[in-house]
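You will see subunit A twice below: alongside subunit B first, and alongside subunit C after that.
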Partner chain A sequence: MILGSLLSDLSAYYSDNFGYLMRLFFDHLLMSIYGVLFAAIVGIPLGILIARYGKLSGTVITLANIIQTVPALAMLAILMLGMGLGQNTVIFTVFLYALLPILKNTYSGIKSVDPNITDAGKAMGMTRNQVLRMIELPLSLSVIIGGLRIALVVAIGVVAIGSFIGAPTLSDIIIRGTNATDGTVFIIAGALPIALIAVIIDIALRIIERKLDPTVSDNDAPEDVQSVN
Partner chain B sequence: MKRLSKLLLVVVASLTILSGCTLPGLSGSDKDSIKITALATSESQIMSHMVRLMIEHETDGKLKPTLINNLGSSTIQHNAIENGDAQISGVRYTGTDLTGALGDDPVKDPKEALELTQKGFEERFDTKFFDSYGFANSYSFMVTRDTAEKYDLTTISDLEEYKDDLRLGVDSSWMNRKGDGYPGFIEEYGFRFDSVSPMQIGLVYDALNAESIDVALGYTTDGRIAAYDLVVLEDDRQFFPPYDASPLATNALLETHPEVERALDKLVGKVSTETMQQLNYRADGEGIEPAVVAEEFLEEHNYFDEEGEK
Partner chain C sequence: MLSIKNLTKIYGGKNKAVDDISLDIEQGEFIAFIGTSGSGKTTALRMINRMIEPTSGSIEIDGKDVMQMNPVELRRSIGYVIQQIGLLPHLTIKENIVLVPKLLKWSEERKDKKARELINLVDLPESYLDRYPNELSGGQQQRIGVIRALAAEQDIILMDEPFGALDPITRDTLQDLVKVLQKKLGKTFIFVTHDMDEAIKLADRIAILSNGQLIQFDTPDEILRNPANQFVRDFIGENRLIQDRPNMRTVEDAMIKPISVTADKSLSEVISIMRERRVDTIFVTRNDGTLLGYLDIEDINEGYRKGKDLVDIMHRDLFKIQIHDKLQDSVRTILKRNLRNIPVVDENNILLGLITRSNLVDIVYDSIWGETPAGVDEA
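Let's turn to the complex of A and B:
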């Protein structure tokens, strides 16, 4: 009975506010994607670099780890002092949180490439860049995409907090719900699309991840794997 | 190594360029765009969206301001404008800003309070505190229509006669508040109620409607006043300070974009307390988002185009 009226309230809410909701939905999604995109621009080359020059890896990954331990709300508040209110601060916060998963996955992806294969490449006369482009990157691509997937899901959660510093996100609706006397509908109406974005991104990137993994293919029979070993 | 440093240079350069420009799809990330602050209340968000839509309409979409939403208090709004994070406030209240941002003593006369606030903001912060939208969101005593007719109540002083029979429900923070709280009320009006129940402010309207209390102290623009047909009693001794609502904008913005001033001027005096009650009820009671409520209202009134040529 209660569930039924809640569902009808929800559908009424969505039909009344569809346009506004879509704008928040895309703002939320775009802020997450931009933050992760910048993190990828920095994180992937950095990951390759520290995989190549092992000495740097400890320092860089520790640094990224430290950033990760700061609570997101505190990070937003600190950055707000320097960068002011609004979307750019949120994007930069997302960038900081997305850095670690991307960096670490790129690093371990490249590290996990069988050295025999890279040696074979070198023996064929490949330059360092060719080894990177033709052997290391393709073989570690699925792991790198896995890092992006984790980063994006983290990003959606971080962006949700961005409402507190004035960025338009889907949490606006949730906050309205917590202020209203009877705000259950608002809270659920705002939380559902956030969860939806996270699930869609997770599934989509998981599929891409699997497609790009050269070690897993659809017609791979188990006996083939055994014969390789 | 040379190639690597070159690559690094490209990465750094592209990142700097990217962070400097507007990100496609995100309207608000542009440094030059106009920003409007709004509080976490429906009222503030409705009015801020109205200001945004009016400016868009007035400039035929050339200026597209964005909202900085959910700010905690008027002080944060004030700081956001002082720091240059925003240029316009959707709603500012004379009572709040006179004692808050300006740090002056409260003034009971609404006109004087507005004049003092306007002068103070002009001189000290180089911002324009506009004339009121036409509504005030202050504390006020209210009763149901039945109670009002039964006891023939129109002003707060009328309550004195029935102070032992009527049960009062108030905001819990009001009980011990200095100045315009309960102790001050007793002093000014000279009587106290026999039964007073402090509660969360959002509950008083429903408690009144359910007849758990007979008199409530609530906010004058709450949507439930209209929905439950409550009668607001006149503050005949002007005990509560005025909280007239106005938009605010920096003079720097008004000089570069005079059309913003035209747009804001058109809203002055257009939203009465009763209208605001209805708009608030649309948002809180009927679950329509403030942005949609504001757009509906402006479309209904044709963006107030009939007065003053565009």
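Let's turn to the complex of A and C:
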């Protein structure tokens, strides 16, 4: 009974507020994607660099690890002091949290390429860049995509907190629900699409990862790779 | 053409991996570097294409000092084959073969032609060009490894224990293949191994290394006859010294006349020839004597019943040896592979003779206990 009325309330809410919901949905998604994109622009080259010059790797990964341990809400609050309210602060926070999985996966992806293969490449007369472009990147692509996948899923969660500092996200609906006396419908209406994006992204990128994995065998998940909590 | 002078490599200030090695290698020679583990073979080899920089000494190719060359261009002009094969798993066989031509920016047609030409050279079907490395067996992959090193028409090919990880029979086949290729193409091969059999079988000259030093550099025959010192003697092994001393006979001395038919004969004719000559296998040739394959009596009976032609049922894949091969190499192969009848051909694949397992066994006994079994005669 209760479930039935909840479902009908939910569908009524969705059809009444479809435009508003879609706007939040895309804002939420876009903030996540921007943050991850910037993290990729910084994290992938940095990962390549530390894979190449081994000495830096410890320091850089420790640094990224430290960032990761700060609770997202605290991070948002601290950054808000410097950057003010709004979307940019949220995007920057996403950037910080997405950096570690991208960096770490790029690094371990490149490190896990069989040194005999890179050695053969070099011995055949590839320049360092050609070894990177023709051997290391293609062979670690699936692991790097794995990093992006984890980063995106983390990002969806981080953005959800962004409503507290005035960014428009799907959590707006949830917060409204928590403030209302009978807000169950709102809470579910907001939580459902958040969970949905995260799951869809996860599944879609996993499929791409598998497709790009040069080792092709199915039960062969890359080890030593960051996972979602 | 390749001149190595006082080549030395010191690791960590005192560990001499290669110690003052000098040797000259002629165009078209097959050289083996042999020595125990850690003797500096790999280090010496990799200094030739500057994968390792020498501490001192010089390497000249056709009078040009490699240290003055651009290392990337140098490596593109030298083929390199490693034990771990090192094919790129995400590229097709064809893309793997023409990797260096791609770096050299050859046209698509030229690369295509080269890939097909080379894969035929190692007896693999052209359809393999579109496969990926993990769809090939280890032996097939290493065939690709070998032709990859030849694709840009390199004059010098370096090989570091290329067949070390393969099973004995595959290794044997690939050794034969590489030897034939090397002769046919006239390239200089430098080959690292720690298997004396392999070195004797393949090399024109063998460089024996120990603790980074060059102990002896000579032809296999000369090393077997006159080992430079006790180390070399131990390395060769006393067994082989006995086995190899008495006869340096060629295949020609040992072969007998083969029984063959031309491919246009009918099966009933073949059967009557075989019955008359009392043989259970027979070779099939073209009219000019070129060897095509063989038939054995069971195939013929079956083919006859099913009304098939001779060319449909004959076996085309057969192991053959060259008339000028050394008998000792062939003995080893034949015994190892448990072959019964081995055709002998010349360079044009014309059938000249036949070696059977039983006449080989006679020869082995002769060479160990002398031509006449005197003890038996007197008794």
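Keep this in mind: the second predicted complex is superposed on the first by the 216 of 229 C-alpha atoms of A that agree within 3 Å, B and C clash if a C-alpha of one lies under 4 Å from a C-alpha of the other, contacts with A are read in each partner's own complex, and residues count from 1 in each chain.
By definition in this document, a residue touches a chain if its C-beta (ideal position, glycine included) is under 8 Å from a C-beta of that chain, and two chains touch if they have at least 3 such contacts.
Note that the coordinates shown come from a computational prediction; the quantities given were computed from them, not determined experimentally.
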Sharing subunit A, do subunit B and subunit C clash or fit in the superposition?
fit
Which partner, subunit B or subunit C, touches the larger number of subunit A residues?
B
Considering only touches as defined above, state whether A:L139 meets subunit B (first), subunit C (second), both or neither.
second
By the touch definition at the top of the document, which applies to A:N116: first (subunit B), second (subunit C), both, or neither?
second
For A:M126, using the defined touch cut-off, is the partner it touches subunit B, subunit C, both, or neither? Pick first, second, both or neither.
second
Between subunit B and subunit C, whom does A:L7 touch in the aligned arrangement: first, second, both, or neither?
neither
First, second, both or neither for A:I203, with subunit B first and subunit C second
neither
Could you say whether A:M22 touches subunit B, subunit C, both of them, or neither, answering first, second, both or neither?
neither
Looking at subunit B versus subunit C in the superposed three-chain picture, what is their shortest Cα distance in Å?
17
Which residues of subunit A touch subunit B in the complex?
9, 12-13, 16-17, 19-21, 26-27, 30-31, 34, 38, 41-42, 45, 49, 84-88, 91, 129, 163-164, 166-168, 172-173, 175-176, 179-181, 185-186
Quick one: which bits of subunit B touch subunit A in the complex? Just the residue numbers, please.
3-4, 7-8, 11, 14-15, 18-19, 23, 25-26, 28-29, 35, 37, 40-42, 45, 66-71, 80, 83-86, 202-203, 206, 284, 286-289, 291-292
Can you list the subunit A residues touching subunit C in their complex?
114, 116-117, 119-127, 130, 134-135, 138-139, 214-216
For subunit C, which residues are in contact with subunit A within the complex?
46, 49, 51, 72-77, 80, 82, 84-90, 99-100, 103, 134, 148
